[in-house]
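Structures for review follow.
In the two complexes below, subunit A is the common chain; its partner is subunit B in one and subunit C in the other.
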Partner chain A sequence: MYLYDDFDRTLVAERVDEFRDQVTRRLSGELSEDEFKPLRLMNGVYLQLHAYMLRIAIPYGTLSADQLRTLARIARRYDRNYGHFTTRQNLQFNWIKLSDLPDVMADLAQAGLHGMQTSGNCVRNITTDQWAGIAPDEIEDPRIFAEILRQHSTMHPEFSFLPRKFKIAITAAKHDRAAVRVHDIGLRLHRNGAGEVGFEVIVGGGLGRTPFVGKTIKPFLHKRDLLSYVEAILRVYNQYGRRDNIYKARIKILVHDLGIEKFAAEVDAEWQTIKDGALSIDPALIADIVARFCYPNYESLSDQPGELKRARSANPRFETWFRNSVSAHRVSGYAIVTLSLKPEGAPPGDATSEQMDEIATLADRYSFGEIRVGHEQNLVLPHVAQRDLPDLWASLDKIDLATPNIGLVSDIIACPGLDYCSLANTRSIPVAQELTRRFSNLDSQREIGRLHITISGCINACGLHHVGHDRILGVEKNGQEFYQITLGGRADEKAELGALLGPAVPYAEVADVIEDVVAAYVELRERPNELFVETVKRIGVEPFKERVYATR
Partner chain B sequence: MPLVKNGKVVDDPYVRILDDAAIADDTSVIVPAVRLLADAGEFVQRAGATGVLWQNDRNVSELSPHLDRLALVALVFPNFRDGRAYSQARILRERHHFRGELRATGQVLRDQFLFLLRAGFDAFEVTKFTDAAAFVETIHRYSVFYQPAGDGQAPAFRRRLSKAGTSRPIIEYLRS
Partner chain C sequence: MTAPSQQKLKIHGPVIVTANRLSDGAVVYRAAIGGWTTRIEAAAVVTSAVAAKDLLTIAIADDVGAVGAYVAPVELNGGRIEPGNLRERIRLAGPTFDLPITFGI
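Entry: the complex of A and B
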C-alpha cells in the first residue's frame, strides 16, 4: 500500500480548500451551474436524479482499514448509511448535500482519500488488477506504475480539459483482471526476449456506444519511457480528438478514424521530441516510489495447515465457500479472500456502514489492515493466513458476506441505472436483484459454472456490458424499458465483444430470457467445463436465439 | 476584458487588427493568423510590435518560421472546456522555445489560471473582473506539483529525491 507523504497530503488539502471556495462561489451565484459543472466533476461530484453523487477514487483498488472506516463514517453521517462500489475501483455516495461536500472532502483528505479526477474530461483514476502484488501469476507489482501515473496525471496542466474522459488500466499478470484491452490506454507489463520488463501499450479500446477492443501501439516500451510515451499519446489526442460530438470524442474514435499506423506515427513524432526530457523515469525515481509502498510482514507459514484441513472436512458450508471464494496467494501459507457484495436479492456492490466497519475490523485482524476493491464490485481481503480462514469465514457469514457465488451466474455486475443515474434509460439494479433470486440455488449455480452477467442501464456501458459473457443493455422504446441481450463477450486477455441475441425484450421478461439462455447453454455445451463464451464462440448465437424466441 | 500580466491588471498596449485593415507602423498589433501567413513580409522591420492570434485547430508548428519576428502569440479558448491551446502553449514554449508573450484569450476563468501558467502562458485576457482581481491569490492555492511542465516547477518526485532521507511518509495505517 502506498503511504502518503507531506507532498501528497499538502496537495489534497489544497484541493479541498479550492473546492470549498468553488462551492462558496456557486452557492453565492458568482459561478453559474455551467461554470461550476466541470469544476465539481473534476472532484467527483455529479448531479444525479435525486441528489449530488460523490465518487471517491480508490487508486488501484487498495484501501486501508482506516480508510474504509472513514468511508463508513461518511456514509453514516452524510449519506443513507451505505456506499456503492463501482466497476472502476471507486466508491459512490448517492445522497450527499452540496453544502456538506467540502466537509466530506476534508474528512476524506484526513484519511488520504479524495474524489479528484473521478469524473470530468481528464485522466481518471488509474485502475489495475485487484490482486496486484499478491497474484502468483504476476511478474511485478503494477501498482508502482499506477502510482507513478496517478501522480503524473493529477492536476496535469495540459490534460485537464481533454475532448473526453480518459481511462488507463495496468496489468502485470498472465491473466488480465484489469480489462486493459477495453481502456483508452491499456498497459501490460511483460518480459521481452532480452529478459527486460516493460510495457505492451494498447490504445483505443473502450465500450459504450461504439465498442472497440484496443490495438497494440507499442509491443515493448521501456519503463523509463512510460510517462513520455503516455504524454505523447495524450498530446496527440488533446489536439486532434473530436470535440464537435460527445459520442465521437473518445480516443478510440480518433484511433479508428486515423488508423492505428497513422496514429502511431503521430504519437511517435511527438514522443521523439520529449522522450529524453524531464519525463524520463530513472531507476532512482522508481526505487523511491517502491519505497513508499509498504508490504506486509508475512510469517513463514506452510500451505494447507491443520486448522484449514480440519474445517474443510468437518464443515461442508465452509468447504463450499473455500472452493469458491479463496484463491492462491504468492506467499505460501496465505490466501486471497473475495467477499461477495452480491447476496441474494441485494443491489450489486452496495455495502452498509456496519459492513464496512466489520470488514475493516476483519482486515485489521486477518489481512494486515488492507482491503482491495475489484471491478466485479466485490471486496477482497488480500493477505489472509490460511490457518485463519475458518474463523474469518464464521465472521463473514454472520454479516452476509460469505455468499459463495464468486464468478458464478449470480455474481452480477450492474451499473446504478435509472434508480440513481441521470443518464440511464432503464433500471439495472432490480434486474440484477431478480436474477440473483432466480439463480439463488448454489448447487445449480455451480453446475452452470463460471458465467458473467453484466447489466448497463444505458449505452454508456458502466456495467461493462459488452464484455460480459451474457450481457444486458437497457434501452428505452416509446417511454418503456427494453433490454438488449448480447452473448459471448469477455474482458480478459482474450478480450472480445459479444453478439446480439435478437430483438430487445421488455423489463418483465428479461429474467425469463436470461434463464432460457442459461438453460440452453447447459444443454448445448460440449463438456461441463466449456465456458459459456467458448460455447457461444463454437456454435454462434443462432441456437440460443431459436430456443429463446421460439416460445415468445 | 481585463488583461493580467505579472499578476496585475494592466492596460493592453496591443490593438486587435481585423483581416485587411491598414496598420500604422508604430502601433503594436495582434493580427489574425491568415494575414500573417499570407504575407509575412508585411511584418518585417516594423517599429511597433507584432503579435498573432492563433486558433486552436491550426497546427502551431506552422508558426515556427515566424516566431523570431513575433512579440506575442495569443491562443484561444473558445470555451474553457476546450483545452487544445494548453498543448499549443507547451509546444511553442518547450519545443520552439518561444520567449515572447503567450496570451490566453477567449473564455478565461479563475479556475484555469494555474493550469495556464504552468503550460507557459504569461498573459491572460480574463473574462470576469472578479476573477482578474483574484489572480495572485488563485495561483498560490497550490504549492505542490506532481508533474514537470512549461513553468520549470520541480515536480514532487524530483523534490522527494533531492531531499531523500528527510521526507518520511506519515500516514501509517498498519498495525505495528
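Entry: the complex of A and C
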C-alpha cells in the first residue's frame, strides 16, 4: 500500500469543499448544467439512464481493507447496496444522488479515495498489473512509476483540457496483465542488453470506434526520463490532436495520421528541450516513493505446506478452485488468490456491500489487509499464506466468491451496457448472464480451456471487445439489438485485434452463436492445449463462419 | 437507440419529453399540466414536430428541475402511454436483470 501524506490529504479535502460549493450552486440554479457538467465530470460524476453514476479511482488497482469497507458503507448508505468494478481498475456506483455526492466524497476522502480524473479530457487513473509487486516474472514493482505519474498528472494545468481522455498503463512482467498495447501510452519495464532496467514506450493503442494496437516509439527509455518523455508525448498530442471531431480526437488517430516515425520525431524534438530539466527523475525521488509503499512483513514459509496438501487431496472442490484461482507468488510459502466476481448468472464485476465487507475481513485475516482490482473485473487477495488457503476458500465459498472460472469461458468482461449507460446502443450484462448459464458446467469449461469473452454495448468498447478472444459488440439496427461477433483478439504481450465472424446476429441468438463457435473450436483445435486464439490464428475465421451461419 | 441528444427532431408518431431530475437523476417526464412527473401516464403527449419542439423548449428552459431533456417516442395502447423503444423501457422500469442484492450472503 502507498501511504498518502498531508499534501495528498489536503488536496483531496479541498476538492471536496470545492465540489460541495459547486453542487450547492447548481441545485440553487446559480450554475447552469452547461457550466456544471465539466465540473462534475472532473470529479467522476456522470448522468446515466436512471441516475447519477460516481466513478472512484483505485490507483494501480490497490485497495486497503479499510478502503473497501468505506466503499461497502457508501454502497449501503447512499446507493443500492452494491458496486461495480470496471475494466480500468475503478469502482462505479450507479444510483448516487447529486444532493448526496458532497457527503459521499467527504467519506471517500477520509479513506484516501476520490473520483478525480476518472472522467474528462485529462490523464485518467494510471493502471497496472493487478499482481504488481508479487508476480514471480516481474522485474520491478510498476506501481512506483504509476504513483510518480499519478502525482505528476493530477491536476496538471497543461493537461487538464486535452483533445480527449488519456489512458496510461504500466506492466513490469513478462506476461502483460495490464493490456499496455491498447492504451494511449503503454509502458513496459524491461532489462536492456546492458542489464539496465527501463521502459519500452508504446503509443497510440486504443479500442473504441477505430481500434489500434499501440506502436513502440521508444524501445528503451531510462527511468530518469519517464516524466519528461511522457510530458513530451502529451505536449505533441495537446498541440496536434484534433479537437474538431470527437471521433478523431484520441492520440491513436494522430499517431496513425502522422505515422509513427514522424510522430516520434516530433516527440523527440520536444523532449530534447525538457529532458534534462526539472522533470528528470532523481533516484532519491524514486527511493522516496518506494519508502512510502508498505510491503508485507512476510513470514519465512515453505511452499506446499501440509495443511494445503491434505486439503488438496481430501476435497475435490477445493482442489479445483486451487488449480484455477491460486497463482504462484514471488515469496515462497505465499500465493496470489483471484476472487471471481463472475458467478453463474451474476452481472460481471458487481459486488454487494456484504461481499465487500467480508472480503475486507478476509483481507485483514489472510492478506495483510490488501486487495487488488484487475481489469478483468475480478478481485485479488495478493499475499495469502499457502497454509491458509483451505480456510480462505471455505469463507469465500460461503459468499459466492469461489467460483473456479478464472480465465475460462464464463469469466466474461462486460461493460454496463444499455441497462445503465446513456451511450450504449445495446445491453451487455444480460448477454453475459445468459452465457454464464450456457457454460455453467465447470468440467466443460475446463475442457474448453482458456478463452476470454468480452462484451461491449456500443462502439466505445468499455468492455474491451476488440481484444477478447471471442468478442461481442452490440450494434443497433432499426431500433433492434444486434451483435457483431469477432474472433481471435487478445490484450496481452501478443496483442491483436480480432477478425469479424460475419453478419451481426440478433439478441436472441447471441448465446447460441457463441455456443456454436466454442463447439467448433473444440472440434477444430489440433490438441487440447491449443488456445482458442491459436486455433483462430492457424485456420482463420472461415471454418467458424461456415459452422455458425450454415443453419442461419 | 442512437443517443437521444444526437437525434434530429423527426416525429413519426406520439412523443413525450423526458429528462433526469437534477437532484437525484431520476427519470422524469414533462407533465401535461406543466412541470415534471415520474409517472409516464401523466406525461404530455404530442404528435407533431412543432408541438414537440415547443414542449422541448419549455422543458430545456427549466434547467433546475431536470437536465438533458429530449423527445422520446411512446406507444398509445388503449389510451395507456408506454415507452416506444428499449432505451425508454429500461429508463422507466430499470435494468432488465435482477440487481446484485439478490446474491451474496
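To be clear about the criterion, the second predicted complex is superposed on the first by the 552 of 552 C-alpha atoms of A that agree within 3 Å, B and C clash if a C-alpha of one lies under 4 Å from a C-alpha of the other, contacts with A are read in each partner's own complex, and residues count from 1 in each chain.
Assume contacts are C-beta pairs under 8 Å (C-beta built on N, C-alpha and C of every residue); 3 or more make two chains touch, one makes a residue touch a chain.
Bear in mind that the values here come from a model prediction, so they are computed numbers and not experimental data.
*Asks:* So if we stack both complexes on subunit A, do subunit B and subunit C clash, or do they fit?
*Replies:* Pair status: fit.
*Asks:* After the superposition on chain A, what angle is formed at the C-alpha centre of subunit A by the C-alpha centres of subunit B and subunit C, rounded to the nearest 10 degrees?
*Replies:* Computed from the C-alpha centres, it is 80 degrees.
*Asks:* Should A:E18 be classified as contacting the first partner (subunit B), the second (subunit C), both, or neither?
*Replies:* first
*Asks:* Applying the touch criterion given at the start, work out whether A:E158 contacts subunit B, subunit C, both or neither, answering first, second, both or neither.
*Replies:* first
*Asks:* Once chain A of both complexes is superposed, is A:A351 in touch with subunit B (first), subunit C (second), both, or neither?
*Replies:* second
*Asks:* Between subunit B (first) and subunit C (second), which does A:R427 come into contact with in this model arrangement: first, second, both, or neither?
*Replies:* In the superposition, A:R427 touches subunit C alone.
*Asks:* Taking the superposition as given, does A:L524 touch the first partner, subunit B, the second, subunit C, both, or neither?
*Replies:* Neither subunit B nor subunit C is touched by A:L524.
*Asks:* Give one of first, second, both or neither to describe whether A:E481 is in contact with subunit B, with subunit C, with both, or with none.
*Replies:* The second partner, subunit C, only.
*Asks:* Is A:R26 in contact with subunit B, with subunit C, with both, or with neither (first, second, both, neither)?
*Replies:* Only subunit C is touched by A:R26; subunit B is not.
*Asks:* Is A:Y4 contacted by the first partner subunit B, the second partner subunit C, both or neither?
*Replies:* Touch partner of A:Y4: subunit B, not subunit C.
*Asks:* Compute the least Cα distance separating subunit B from subunit C in the superposition and give it as a whole number of Å.
*Replies:* Distance of closest C-alpha approach: 19 Å.
*Asks:* Share the list of subunit A residues that count as touching for subunit B in one structure and for subunit C in the other.
*Replies:* none
*Asks:* Can you list the residues on subunit A that touch subunit B in the complex?
*Replies:* It comes out as residues 1, 3-11, 14, 17-18, 22, 30, 35, 38-39, 64-67, 112, 121, 148, 151-162, 235, 238-239, 243, 273-274, 277-279, 284-285, 288-289, 292, 294, 296, 364, 368-369.
*Asks:* Along subunit A, where are the residues that touch subunit C in the complex?
*Replies:* Interface residues on subunit A, with respect to subunit C: 26-29, 32-33, 47-52, 80-82, 96-99, 343, 345-347, 350-352, 354-355, 358, 398-400, 418-420, 422-423, 425-427, 429-430, 433, 476, 479, 481.
*Asks:* Where on subunit B does subunit A make contact in their complex?
*Replies:* Listed in rising order, the residues of subunit B that touch subunit A are 80-84, 86-88, 90, 94-95, 109, 111, 114-119, 130, 141-151, 155-157, 159-161, 164, 167-175.
*Asks:* Would you mind writing out the residues of subunit C in touch with subunit A in their complex?
*Replies:* So the residues of subunit C touching subunit A come out as 1-3, 20, 22-27, 63-64, 67-68, 85-87, 90-91, 94-97, 99-101, 103-105.
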